[in-house]
Each structure stands twice: as C-alpha cells, then as structure tokens.
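The first chain written gets the first letter, and so on, giving A, B, C, D and E; residue counts start at 1 in each chain.
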Amino acid sequence: MVPLYWYLWLGSVVFAVGIFGFLTRRNIIIMFLSIELMLNGVNISLVALSHYMQDLRGQILVFFVIAVAAAEAAIGLAIIIAMFRNKATLHADEIAEMKG
Amino acid sequence: MDISTIGPLLPEIIMAASALLVLLFELVIRKKETAGLLSIISVAIVAYYIPQSFGKAFGGMFISDGYSVFFKFIFFINLILTVLLSMRYLVIEKSNHGEYYALIMFSTLGMMIMASAGDLIVLYLGLELMALSTYVLAGFIRHDIRSNEAAIKYFLLGAFSSALLLYGITIIYGLTGTTDISLIGAAVAEKGLSTPLFLSIIFLMVAFGFKIALAPFHMWAPDVYEGAPTSITAFMSVGPKAAGFAAFGRVFLTGFGSLSADWTGILIVLSILTMAVGNIIAIQQSNIKRMLAYSSVAHAGYAVLGIIVGGAEGISAMMNYLFIYGFMNIGAFAVVIMLRSEGFQGEALEDFKGLARTHPLAAAMMLVFMFSLTGIPIPPTAGFIGKFYLFKAVIGAGYIWLAVVAVIFSAISAYFYLRVVMYMYMLEPEGEAVTLSLSPSLGLALLITTIAVIFIGLYPSPLLSFARLAAG
Amino acid sequence: MVEWFFGYLAGAVILLSILVVLSRNPVHSVLWMLLMFLHVAGLYLLLNAEFLAATQVIVYAGAILVLFLFVVMLLNLKEELRIKRFTGGWPFRLLIAAGILIILKKVLDGFKVGFKGPWSIEAIEQATHTKALGKVLFTEYILPFEIASLILLVAIIGAVFLAKKRLRT
Amino acid sequence: MQYYLLIPLMPLGAFFFNLILGKKIVRRQAHWPSTLAVAGSLVVSVMVLLDVLSGKTLNEDLYVWIVSGNFKVSIGFLIDQLTVVMLIVVTSVSFLVHVYSIGYMQEDPGYYRFYAYLSLFTFSMLMLVTANNFLQLYFGWEAVGLCSYLLIGFWYEKKSASNAGKKAFIVNRFGDFGFGLGVIMVFLTFGTLAYIPVFEGAGSMAAQSINILGMQVDLITLIALLLFCGAVGKSAQVPLHVWLPDAMEGPTPVSALIHAATMVTAGVFMVARLNPIFSLSPVAMDVVAVVGAVTALFAATIALVQNDIKRVIAYSTISQLGYMFIACGVGAYGAGVFHLYTHAFFKALLFLCAGSVMHAMGGEVNMQKMGGLRKYMPVTYATMLLASLSISGIPPFAGFFSKDEILWMAYNGGSVGRIVWALGGTLAALLTAFYSFRLIYLTFHGEFRGTEEQKHHLHESPGTMTIPLIILGIGAVAAGWIGIPPIISSITGVEHANWFAEFMKPVLGHPEIEAPHSTEAMVMTFSVAIAVVGIAVAWLFYIKRREMPVSLARRYGLIYKLLYNKYYVDEIYNLIVVRPTMLFSRYVLVGLTDGVIIEGIVNGVPALINWFGAKVRRLQTGLLQSYGTMMALGLFLILAIAFIVVSK
Amino acid sequence: MEIGYPVLSTVIFLPVFGGLLMLLIGRNQESVVKWTALFFSTLTLVLSLPLFTEFDKTTYLMQFVERKSWIPDWGVEYYVGVDGISVLFVLLSALITILCVLISWNSIKIKVKEFYVSLLLIEGAMIGVFCSLDFFLFYIFWEAMLIPMYLIIGVWGGPRRVYAAIKFFLFTLVGSIFMLIGIIVLYLKGGTFNILELSQMALPFNLQMWLFWAFFAAFAVKVPMFPLHTWLPDAHTEAPTAGSVILAAILIKMGAYGFLRFSLPLFPDASTAMTPVMLGLSVVAIIYGGLVCFAQTDLKRLIAYSSVSHMGFVTLGIFTLNSQGMEGGILYMINHGIITGALFLCVGIVYDRTHSREIVDYGGLASVMPVYAGFFMLFTLASIGLPGLNGFISEFLVILGGFKAKKLVGVLAATGIIIGAGYMLWLYQRVFFNEVNENIARIEPMGLREALPLLSLSVFVFWIGIYPDTFLSFMHVSVNHLLERVNYGVSDTMMAIKGLTGGY
C-alpha cells in the first residue's frame, strides 16, 4: 500500500515546480502552464486525501478545480490574445508600463 | 425541492437571473446605459429580498446572516455607484458594451456568495466567480495597453493566489475531513494546533491577503488599479476587497477562531507592513489613481485590525470601516472620472492644479473625500468615524501600541491626501481649464457619496447599530 | 506492485512537470504538459477515481491544453526561441520555491488522516465511481455546481468579449 | 480731602484731550489744556499742602485693582508730608516747564503731541508719588518711563533720538526687573502690597532669611536690594546710568522736567518712601550709599570734559542723584529729599537755561562753539549763574543747604566708611563747582566761537521762556531756606532751624546727630571752600589761561580720553550684552537650534519617509514575476518563521 | 437664567449655518458675501452676550449646559457648557471673528466667498472647542478647525504658504493623534466621554503619566511649547492677516486651554509631578522665544516668535498650580489674544498697502500714519507689560505665581520683561521711527474700517488694564475648584511621592 504522504509529497513537488516556473519563466503562457501545474499538485493531493479518507468531497473539489481551470484558461488566454493585439509580446517582463 | 431550503439564496438567485437578463438585453438594445439602469433596478429588487433571506441553506454551505447581509449591502452600494460612474465613462473610453454591466453583476454575485459561504468549496467558487468577472472588467478597455496589462497581471497573480488558497483548503480538508467552515472550527478547537494546520492557516492567510491586498501580497494592486478602467478601479478597490474581508473574517474567526492567539501575531506584522507600504509609497505617487491604489492598500491594513481584534467588536468595526471606505473611495474615484474626458486623462496630480478655481464644487467634494480618507485626525467625516471605531476596538483589545502605530501612519497619510487638496486649492491652474465630463448619473453618484460621507460623519449611529447587529 | 506503478507515475509526473517548466519552446511545454496530465490521470486511476481520470484526460488534456496549443500557435513566436527563458534572479527564486517545498515536505511527513468517511473503495466500486460522485455532486454539492456553471458562463462571456476583434467603437 | 484726586486727573484729562483733538482741532493751542491742567494741579497741591501742614494726612483705597486668590491690590492714595513735597515739586516745575515750552516748542510740528506727552507725564509722576501701594508705585514708575521714552524720542525721525528713547526704556527695564521681583517678594513676605501694613510688619521680618540657590540670604536685605535695582535704573545710577546722557536727545524742556527735576528723582523718592524697609537692612543701606558715592564721583569726572552743554548738565544730574543716594544710604532720608527738592529747582533751571541758549544758537549744543553769550542773553546768563552757584554749594543759595546737610549727615558718626563717603561727596562737590563754572565760562564768557550766521541770530528768549527762568532762579536761590542747618540758624538767629527736616520727620525720621557742632561747622566750611576752589580752577582754566585745559588733556591723554568717552561704558555694554545677545540670537538660536536642530528634525522626518518611500517604491518593478516572487517570498518567510517559532 | 434660546448651540452653529448659507451666494457677489459674513459674525457676538451678563460667578459648575444624546452606541453626547475658565474664550472668539471679517474686507481678493466661509466655520469650531464637555465632541471641534485653517493659510497666504500650511497641519495633526489615543484609553477606562465624569476618576499614577504625555503632545504643539514651536512662525507669517489673527488670538490658546481643562483635572498627580518639567519648558520658551525675536527681519515672524515667548508665560502660569499663576495664565491668554491679535491686524493694515513684511522696508511710519502708529504703540506697550494696560496684569500675576511656585522660575520668567521690551521697542523703532522710508512715503493713512477693530481692541486693553476684576472675577471660583482637584491628588502612588518629598 502506498502511504498517503507519498501522494502528498508528490503533490507538493508538482506544486513547488509550478511555483518555480511561475516565478522564473518570462513567457506568460508558460507561467500560466505553471499555475496549471500547481493546480495539478493540489489535485493530486486532494484525490489522494479523498481516497484515504474514504470521502468524496475532495474529489468533488477536484472536479470544480478542473472546471474553474477551464474557465480560467479561457479567460486568461483571451486576455493574452487581447494584449497581444496591442503589444506583440508574450514576455511578462516586457509588460511593465505601470510600476513604482 | 422545498422552496424554503433555497429561501436564503433568493437574493443570489434573483441576482443571477437578472444578470442573465441584462446579458440578453444587451443583445437587443443600442443604448447600453439602459443595461446599467436595469442592473441598478435589479439590485434594488435583490436588496428588497435580503431581509427575507435570513437562514441557512444546503446544510450550512450557504449562510445568510447579519454578517453576510451587511457585506452584501456594501456590494450593492458598490455596484450601484460603480454603474452610475460608468455610464458616461465607458462612452469616453470607447468601450460602451453591455457585457460590462452583466459582468459587474456576476462579480457582485460572486462576492455575495463569498460573504455567505459556509463551506470552503462554495467560498472558492464564489471567489472565482468574482475574480474571473473582475479580470475581464480590468481588461475591459481592450484597445488600451494599460488595461491589458492590468488584466494580465491581475489574472496571473490572482490565479497564483487561488492555487495557494486551494492548497490551504486541501490541507485543512485532509486534517478535518470537511470543508464546512463551522465544522472545521469545531474540529480545530478540538484538536488544537498542529504544524499542518498552521501551514494551511498560513496558506489561506496569504490567499486572502492577496485579495485584500495586504503587503507583501499587495503588489498587483497599484498596477492593476492604475491600468484598469477607472470605474472598475473604484469597483475593485471596494467590492472584491470587502468580499475578501468577508471571507477572511468568516474563515479565520469561525474556522480558526480558537487559534487566534497563534495567527494574530502574523496578521499584526502584515497589517503594519501594509500600512507602512501603502502610506509611504503613496506619498511618492504623481498619478492619482495610483495614489488611491496605494491608499487602498493602506486602508486594508487598517481594516485588518478588525480581524486582529476579533470578536463582535472587532468585526463590527471592520465592517463599519469597509462600509464607510466604500463611499469615500468611490467618491474620490468619481471625481477622477469626472476629469476624464475625450483626449484628456485627468489622472495626474498635476491635472488637479487649481481645480478649486475652475470647478469649485468638484474640488470641494474631492476635499471632503480626501479628508475623509485621511480619517483619523480629521472629523467630522465618515472616515473619522470608521477609524475611530476601529482604533477604539484595537485599544479595547489591549493593543495600544498597535493603535499608536496605526495612528501615526494615518498622520503620514494626511500628507498625500492633503497634497491633492493643496493642488486643488493652493496652486493656480495651468493652461486650459479642465473640462468636466459630468453626467447626471455621475452627478448622482457624487451626491450620494458626498452626502453619505458627511452624514455618517455627523450621525453615525444607524450605521454603527447596523454593524454591531450584523456582527452580533 | 502498486508501489511500482506509483513510483513510475510519480517519477514521470515530476520529470514531466520539470520539463514543462524548463522547455524553451512553449509548444514543447504544452506537449510535455499533455503527457504529464495523462500520468496524473494514471495516478487518479490508482486512487480509484476513474471519473476524475477521465475528466482529467478529456477536459484538461483534451480541452484546456488544446486551447493552450491553439493560442501558442496562433501567436507567432519565432523570436521566443532565441531569447532567455528565465528572469534575472532565477536562482534566488529557485531557492524560494525549494524552501517552500522543504517546508511542505517537513510538515507533511507522516501526514495521517483522522477521518474516515463512508465511501470506502468497496462502496465506490459498488456504486461505480461516476455514479457515486454524481450522487454527491448533484445532491450535496448542487450549489457549487450551479456556481461553477455561472463561472463557465462568465468565462465564455469574458473570453468572447476579450478575444473578439473589435467590431464596434 | 477728596479733591486731591483732581491732581492727577486734570493732567490725564488734558492728555486725552490733546491726544484725541490735538491734531485736528487744538493744534497750536495745545498748550492751553495742558498748562491749565497742571496749573490746576499746582493749585490743588498747594491746598493739599496746607491740609498736611495742618496735620491732616490721608491713606485711602479707591477701588480694588487686582484680586486673585489671596493677592489683592487696590488703586489708592497716600497723602503725607513726603507726598506733598513731591506734589509741589512736580506740579510747580511741571507748570514752569509747560509755560517755558510754549515758547521753546513753538515751531514744532508735533506741538500737540508734545503737550499731550507732558500731561501724561505729569499724570504718571503724580500717580507715582501719591501711590499708597507698591504696585501702583510700579504703575507710575513704568508710566513715567514710558513718557520719558516718548519724549526722548520726540523727534523720532532722528535716529539718535529714537535710539536714545529705546535705550532709556530698556536700560530702565533692567532696573525694573529687580524692582518687580522686589514687589513680588514684598507680597510673598507680607501678604500685601499696601505701604502701611508692610511698613508696620517690616520690623517683625527683620531677622528672617530665605534660601536662594543654597545660600541663606537676609530677607529684608534681599527685598531692599531688589527694590533698589529699580531706583538704580530710574535714577541713572552706576551701572545703569548710561541712558540719561543719551536722553538729552529729547527736547530741552523735557530734560529739565523729566531728566532733572522729577522722574529721575523717583528712585530717591522710592528709597525715601520705603525707608522703613531700607532702614532694617544695614547691608542694603551701605549698598545704597556706595552706589550713590560712586555715581556722584563717576559722573562728575565725566562731566569735566564733555562739550555738549546738555550732557554736562546730565552728568551733573547723575552726580547729584548720587548725592541723594548717599544721604539715603546713611539714613538721612530727609536730607536726600531736601536735596531732591532744591535740586529740582536749580537743575531744571540749568536745563531751561541751556535750552534758552540752544534756542538762541539754533540748536547748537557744543560749548566750544559758544562763548560770550552774556551780553546777548542777560536773563539767561543771570539765572544760569544763580543755578550754577546753587549747584556748586555756595551759600546762601539753595544747593548749599541741601548739599551741606548731606555731607554732614554722611560724615556724621565719623566711622571710616562714612568719612570715605563724605570725602567722596566733597570731592564730587569740587568737581561740580568746576564743571558748572566751566559751563558758564565756556558759554557766556570770552569770545563768541560760533558761525557768523549764529552770531547774527543771537537773541534773548521770549517772555514765556524767561519768566519761568526767573521764577526758577528765585527758587534756586531761596528754596533752601526752609532747611537752614541749626548751626547757621543759631548764628544768624533765623527761626525754625531745619524746618524741612522737622516737617519730614513723621515720615522719614531723622538720624541721631552724634558729632558736635564744631565738626559740623568744619565740614561746612570745608565744603564751601572746596566749591570756591572749584570755581577758581574753572576760572583759571577757561578765563585766565585758556591753553591749560588743552595741554592738560594732551598731557594726560589717556585719562582725558577715558573721561571723554565716558569710561567706555556704552562700548563695554555693547560688547558684553548687546552684541552677544544679537549674535547668540542670530546664530545659535535661529541658526542652530531652530534652523538646524529642530527644523532638521521637523523636515528631516518627512524627508526620511520620502527617501524611504522612494527606495521601497523601487520594489514595485512592474514585473509580474517579481510580484509573484514577493508573494512567494512572503509566504516562505511566514512559513519559516512560524515553524521556527512553533517548533521551539 | 431666562434666555429664550440655547446660547451655546446658537453661537456654535450660527456661524456654521451662516457659512453654509453663504455657499449659496453667487461667486461674483462679493459684497453680499462680505456683508453676510459680517452680519453673522456680529449676530453671533450679540447672541453670545448673555454669557457675559448672565454668567453666575459664584459657582464652578458648568453653566448654559445643553445635553443631548448623539451617538448612543458609544455614549457620545452633544454636551456643551461653560465655566469661568472657558466662558471668556467664547466671547473672545466671537469678537475676534468680527474683526477678522472687517480686516479682510479689501485684503482678500481671490476666492472671497470661500474665505469667509472658512472664517465662519473656524469660528464655530473654535467656540465648539471651548464649550465641549464631551471628549468626542471636543475632538471633533478640535480637529475640524484644522481644515479651514489649513485652507486659509494655504490659499490666501504669502509666498511660502503651501509649505507653511502643510507644516501647520501635520504638526498639529501629529500632536493630536496621541491625544486621540489618550481619549480612547480614557473612554475605555471610564466608560464615558463625559469630561466632567472623567474628571472625577482616580486613575493610577502610571496611567496618568502616559495619558498626560499623550495629551501633552496635542496641547504642546498647539500652544506651542518649545521645542515644538517651529510651525508657528511659518504659519503666522504666511497666513493672511485674518489667519494670523485667529491663530494668535484663539487657536494657540486651545493648547493652553487643553492643559487647564483636561490635563490638570484628569491627571492631577501626573500634572503635579510634571510641574518642574512644564515650568522648565515654559521658562525656556519665554527666554528662547524672546531672544529669537532679535534676529527676525520679518514683521510677522517677529510677532509670531513673541507669541512663543508669551505663551510660555501662559503655560508657566498654568503649571504654577496656584491661583495667581493660573488666573494670570488665563487672563494672559485673553490678553495675548487681544494684543497679538491687534498687532497682527496692524501688520495686516500696512501689508495691504506695501505688500512687504520686511522690517527694513519700513521706517518713519509714524509720520505717514500717525493714528496707526499710536495704536501700534499702544499694543506694543500692552505687549511689553506696561502697567495700566492689560498685559501687565496677567504678566505680573504669572510671575507672582511663578515666584510662589519656584523662585528661580519667577526670576527667569521676569527676564522676559526685559527681553520683551527690547525686541518690541526695537521693532517699533525700526518701523515707525527714524527717517521715512521711500517705500512708504506715500501710502494712505488708516481708514475707519481698519481703525474700528483696533479701537475696539484698545478698549479692552485699557479696560483689563485698569479694571481687570470684570474678567478676573469670572475665574476665581472655577480656578479654585480646579486647584482643589489638582492639589489633592488621587492615586496612592502620588500620595506616597508627596509624602516622601514632604509635600509640594
């Protein structure tokens, strides 16, 4: 039997890799992907917890997370497209008109 | 299904329905302002049903109590005022689309759900509903690069923070086996502090901290507030923030209330940091929207004192503060919007030079809002009442030093609020006089906010009673 | 046996997520991501969550990532391949991420659930996962479900509004 | 006896009348209200004198002025022998000066203002002398100071005049500083400020002492010395004498009235009035005497070499005031007041004569440019000669009697200290005679040394001026006859030997005479002799051998220079008081404390906040990832710190 | 008392009402604005006269009391009343405002309406401060005054007005925030904002000390006490005439009034214990403020610094804790209000003509404006404490009180009279005497509208100087009552201290 915390550990690794990607990548789309990684880390943990607790609520939450992720993706990508029309770049560090 | 089980949800249902209605309506009408009007009417209807909505639904997932109702009123006011601000503004910005009003309504619906959420899953979804609508609104002026930038920043960081929120929810779920906030509270009280629990508390704190823009999770706020359409900045700086507070307060005081001794320390540090950062950087700003953004950061630092204090006193002080803050902040933005006209940004502090000369009434209103925002040492504005109550609660809880710190930052804040007054009153206008784009709706918004700010300043009793009752 | 499966899937998931983050080309990232999602779905299967595994594949991999792919391809990115992948202070940021990871690891080590619900594996198998989930979702969690539908609606409105070419001024 | 109130009120009325109506309505007739008022005061004063002579004195409170807690002070009047003498002196001299000024000030554009001030002064001086408590005394004290200030600076467009006025006021304030504290000490000691209860209670306080900065100080001595500070200032005693010579910038009638006859003698009056307090403190008495003696000599030496006719008289005034203080210091208050009284006549006369001379000379004050005026202005010459003889102490002129009595009283007892004072006084008498006649000779004798234009213009003054001179001249001769010393009266058989001293005795007492008559005669003879010597030397220097003073001055250049520059007292004050204050204020207080330290903090804190804000602001880079990093870092730090804390 | 209207509310709110009413007047109708302002300010004074005539001098109890619940949730009341300490300030405020209206008649040329509105609002707030018996209400008035004052300095002031206005604002604001904290702490301790009830409380000594300093911050800035005084020269100098007059005559009195009304009765033990510090600071202010005047080249700045010195006398008097000092201090406030107010009015009169505040630009003014010179002389003399004029009475009482409390303090304070004479007469000389400066040779003499305020103030100069009892008699009972409270401390700690040192 796989211990629960292996799953949690795996989830946290994926989560942390997502954080790393979000913090370091310049490409907005990859940053976005990194967030998806973080969500997947969370999802892995949730499903595992749900499984080990013999409770379905965690999985329900995962379901919603996926739904929300889809919505986020739609809006996020739309925003990216809208921006790309005005300024043809996908690098977060080039989008810094406002600062200070 | 028994209708009574969804009774508490009635306002939300009406809200959702009317949002859809507005959306449909948008397709058939040419004059988009009508959609705005419709949204105001629907909010009025929703507000009418609020008093009948008290109760719990879906096994405690949805709670309509005094606490949520109070916040909902903040959201309604926020919505109404924002819509009033927007009507003419959107035309000037060449973004007069009906989706705008629908999105504002959806966003408000999300806030209402957040305020009423008795379950973390509902909370999360309400938050996302609010956030996603707001992301779109922030980027609503598609052709404006700054609006795009605001949307991108808000969106990515918002998504990042909701991932953190989810992680926190996950851990707490793992620890207690539930996502129901009151059950979590019971479980937490029973089991006491453990490191995983603390971990989840911190994750949730960071996530909520992002929503209410606590330093150091505030950094999105100035950029987004500056870039977003001004009406949406006004909207965002009040509604989502208040919703964040609502959720923050509910989760931390109901869910983690028994451990408050453990997490208030962190919150105090964050609150001081927030006040410091908000006020000190605001002094540096020359763009008034950005300055107000920092000021809004600082105000979050004050309001969070209410959560630190906790209890009915702290909560009612916080709610009271947010209520008042809504009026004065939107009022200030309304003046900024008034200066925006075709081909003229009106956002720079320089643009306010000599306003008292060219538009005395506008200047006088701005003066009232600025003094009210300064708050503490300046009665008799609503801002004073808000801060007074807050600091009274803080001192009552024994944190005299914290009140002193807050009050000092409040004095520092006077510096930049006063600078606006100084520009308006003490400097002479340069070049051509600013033309005001005053529409009846904007005028109405200004009138409401000004009167509210002064009235609450002079006769705060009804509001105080309401807040106290709501915090109950 | 299960441990081995888990070991493979976990290793692949970690490796793939790192590849997602490190790939220079966003298209590659998306593709690695796709692969990773399939492995995650495998993990779900391992945890008796067939419905979620399916959702993962259909919605996540099938819909969301395809959307990403479209966008990546839509936007012309030749230039992307020539410039730096990472922001300036990435080692420091790596440290932060690593630090968070270490803390998570320390805290979660030996994590034990204190709660046992009614949905044992047997119960789920008996009801089939989809049905079980659906039952909970559409009774207990009908409210969130409805909210989720509003979220998707907003997403549609927003995405359509933002992404469409300017029609009116 | 209520009519006494008219004495001060009439001049006050005249003051307001002139002040309000003067410029527009009264104008050139401004002398009428003032002069009539003071004449009225004079008449009433005489009536009061008669009352007092018949034995009636009066002490009554008019109304309560200030009350606070146990502090209570009234506006009230004390009419007794001393008061009445002062009333007569003040009103009569004042009246004459009023009359004199009609001619003297005729051309002045500020005519009405001048008379308004004169009336105000008369009022103030009368309030001063009739007060029945310390605070009212202080009121009069300051009020006369104010009038002095206003009148010295009468020609305010002249910088030297406005400077002099200011100087007079401020120097006096130094004295008043002590005086005021003295008044407060009196109240704290006696619980009241009314004269009579204080005088009655003084005896019981004699041995009390208080602790000041760790030192035990005799209470009465302290009070007396503090009060005396005021006298030093007002009566221009060393070291606060510096204002009086400068005060000569004022119109000459003012010099005569205020800076010779009345106000400057207020110090003497005060010491005499408060004699029950002073008498209790031998130390204070000695201080008074020493200050008097030093001043008498000090001023006389300066007067020797001055060329400004008014300044010579001014120094002479200082010197004579010193005499009076010697008298007070040895307990002979009667003698002091007697000298005050005679001095009022001859000194006022001297000034008015000087004024007359200046009038004729077109404002010229340098005696070296005069000479031979005798033939042009006989009346002036004659009266001034009388005054000079009087001041020199030549019998039977008024000055002789009073000065002689002082010297005698000083000598009385014959202790070493007293002999020193008496010798000092005698030496001063020598100098007095010398410089007085130096003045006469330089001015009236010899050749005229002025310009042709001045010579052409020389004339005797009009009647309004000469008549007062003549009246005062009579006074300068005869005023002393009411105080003929017993020895003379015994020789000449005149009755009422020293009638004045007897009259004053109820108020001022009279020191016991210990030494025999023979000694008195010796002292008298000696003093007269020395006066004659002084006159003779003056004759030698300025009539007989005109070159002697010059060669002497050259020979003793250093001393001459020292005297000519008045011992450089002004310069020293400037160096140690005025300049340091200014520099301290400008550079230390304004520059350093206010400017650098306080303002540094005041402006520094906001600047610091600004600077800090500018730094922190840089964190807001506008970069998405760095915002994320900030969040993650915040999360990490909170986690890390929380777990470090929890695990402990 | 049979007066047909609530006197205090009327005098507080009539000006406010007038001010708001004036907002309705058109922007171009300047003379209507002026007359309306004059009407309301005069009416206020007239309606405040019952305070003078009907005041019962035999009781220390609050009179003309009005009490209404305001914010019941916090127990805040609208609670006003006056006693012998405050009543005169109400009258003074009403009087000074009229003079300010008159003196601004021609000198305010821009935004006329706004100016008079601000002026009337200030009047209401000032009077409110002196009447409030509820801390919350007090604080509202206390700070409400800042806003119009800030505008008056900043909008109608001199060249450096913006700096001065912000400095003024931030200074007073930073001071008063500490007081606010103190008020809240007091409220939480005593459960009420009622000042009179709180004054009955026996607080522990340590708390008293903390609160004393918290209140000190607010009051000392306002007074201003050394070393918190540097806002004052700037504010006074840059403010328009009316602003300077109000600042000098009323506003800075509030600090001293605060000490009297709050610090002493609320924290009697702390006040007693801190007497040496307060006396020390006062003496420093007297001497420092005076000496600094010698280096000033600006008319208004000089008078402003002289205010620092004079207010030193006021605080000195208050903290002598004896009746002479305290009554002297209160009377000093009134007198200083009259004298310095008048001096600023005077400066305003010439400033309107020459637009220069530099002393060197003047000289020989007495020849050009003789009547004016006479008034100025009168006020100068009153300022340097010439007996017979009002300044003397209070100065003497304060020095007497100081001497009684501590001899050295009395002596040092008395040096103030030398210094004061020095700088004031020097000033007078430089401005009015000497040769006529060309700049001012042809300026017009003073008009009746300008003379009237000066005349009315000079009436008080003589009145108080010659018969001060009219005013002193208001104070006796209240001051004695206050002294009783202060001298019989409340906490055990203080008793112990008093026992150890053998009594104060």
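The rule we apply is simple: a residue touches a chain if its C-beta (ideal position, glycine included) is under 8 Å from a C-beta of that chain, and two chains touch if they have at least 3 such contacts.
Being a predicted model, the structure only gives us computed values, none of them experimental.
Engineer: On the document's contact criterion, could you list the chains that touch subunit C and likewise touch subunit E?
Structural biologist: The shared contacts of subunit C and subunit E, listed by label, come to B, D.
Engineer: Among all chains, whose Cα centre is located farthest from the one for subunit E?
Structural biologist: Between subunit E and every other chain, the largest centroid distance is to C.
Engineer: Going by the average position of its CA atoms, which chain sits the greatest distance from subunit B?
Structural biologist: For subunit B, the chain whose C-alpha mean is farthest off is D.
Engineer: Taking each chain's centre as the mean of its C-alpha atoms, which one lies nearest the mean of all protein C-alpha atoms here?
Structural biologist: Taking the mean of C-alpha atoms per chain, the most central one is E.
Engineer: Taking each chain's centre as the mean of its CA atoms, how far is subunit B from subunit C in angstrom?
Structural biologist: For subunit B versus subunit C, the centre distance works out to 31 Å.
Engineer: Taking each chain's centre as the mean of its CA atoms, how far is subunit B from subunit D in angstrom?
Structural biologist: So the centre of subunit B lies 78 Å away from the centre of subunit D.
Engineer: Just give me the whole-number Å value for how far the CA centre of subunit C lies from that of subunit D.
Structural biologist: 103
Engineer: In whole angstrom, what separates the CA-based centres of subunit A and subunit C?
Structural biologist: Spacing between the chain centres: roughly 7 Å.
Engineer: Hey, what residues on subunit A touch two or more of the other chains?
Structural biologist: 8, 15, 18-19, 22-26, 28, 31-32, 49, 53, 55, 57, 60, 64, 68, 71-72, 75, 78-80, 82, 92-93, 95-100, in rising order.
Engineer: Residues of subunit E touching 2+ other chains?
Structural biologist: Residues 170 of subunit E each touch two or more of the other chains.
Engineer: Hey, what residues on subunit B touch two or more of the other chains?
Structural biologist: 121, 125, 128, 132, 135-136, 139, 142-143, 151-153, 156, 160, 174, 177-178, 195, 199, 222-223, 284, 415
Engineer: Show me, using the given definition of touch, all chain pairs that touch one another.
Structural biologist: A-B, A-C, A-D, B-C, B-D, B-E, C-D, D-E
Engineer: Quick one: in the complex, what on subunit B touches subunit A?
Structural biologist: These residues of subunit B touch subunit A: 121, 124-125, 128, 132, 135-136, 139, 142-146, 148-153, 155-156, 159-160, 162-163, 166-167, 169-170, 173-174, 177-179, 222-223, 226-227, 284-285, 290.
Engineer: Which part of subunit B faces subunit C closely enough to touch in the complex?
Structural biologist: So the residues of subunit B touching subunit C come out as 9, 16, 23, 57-59, 61-62, 94, 97, 99, 102-103, 106, 109, 113, 119, 121-122, 125-126, 128-129, 132-133, 135-136, 139, 142-143, 151, 174-178, 191, 195-196, 199.
Engineer: In the complex formed with subunit D, which residues of subunit E make contact?
Structural biologist: 167, 170-171, 227, 229-231, 288, 291-296, 322-324, 327-328, 364, 366-367, 370, 374, 381, 386-388, 392-393, 396-397, 399-400, 403-404, 407-408, 410-411, 414-415, 417-418, 421-422, 425-426, 429, 432-436, 466-469, 472-473, 476, 480
Engineer: State the interface residues of subunit C toward subunit A in the complex, per the touch definition above.
Structural biologist: By the definition above, subunit C touches subunit A via 2-3, 6, 10, 13-14, 17-18, 20-21, 23, 26, 29-30, 33, 36-37, 40, 43-44, 46-49, 51-52, 55-56, 59-60, 63-64, 67-68, 71-72, 74-77, 80, 83-87, 90, 93-94, 96-98, 100-101, 104-105, 108-113, 115-121, 123-124, 132-133, 136-137, 141, 144-145, 148, 151-152, 154-156, 158-163.
Engineer: For the complex, give me every residue of subunit D touching subunit A.
Structural biologist: Subunit D reaches subunit A through residues 617-618, 620-625, 628-629, 632.
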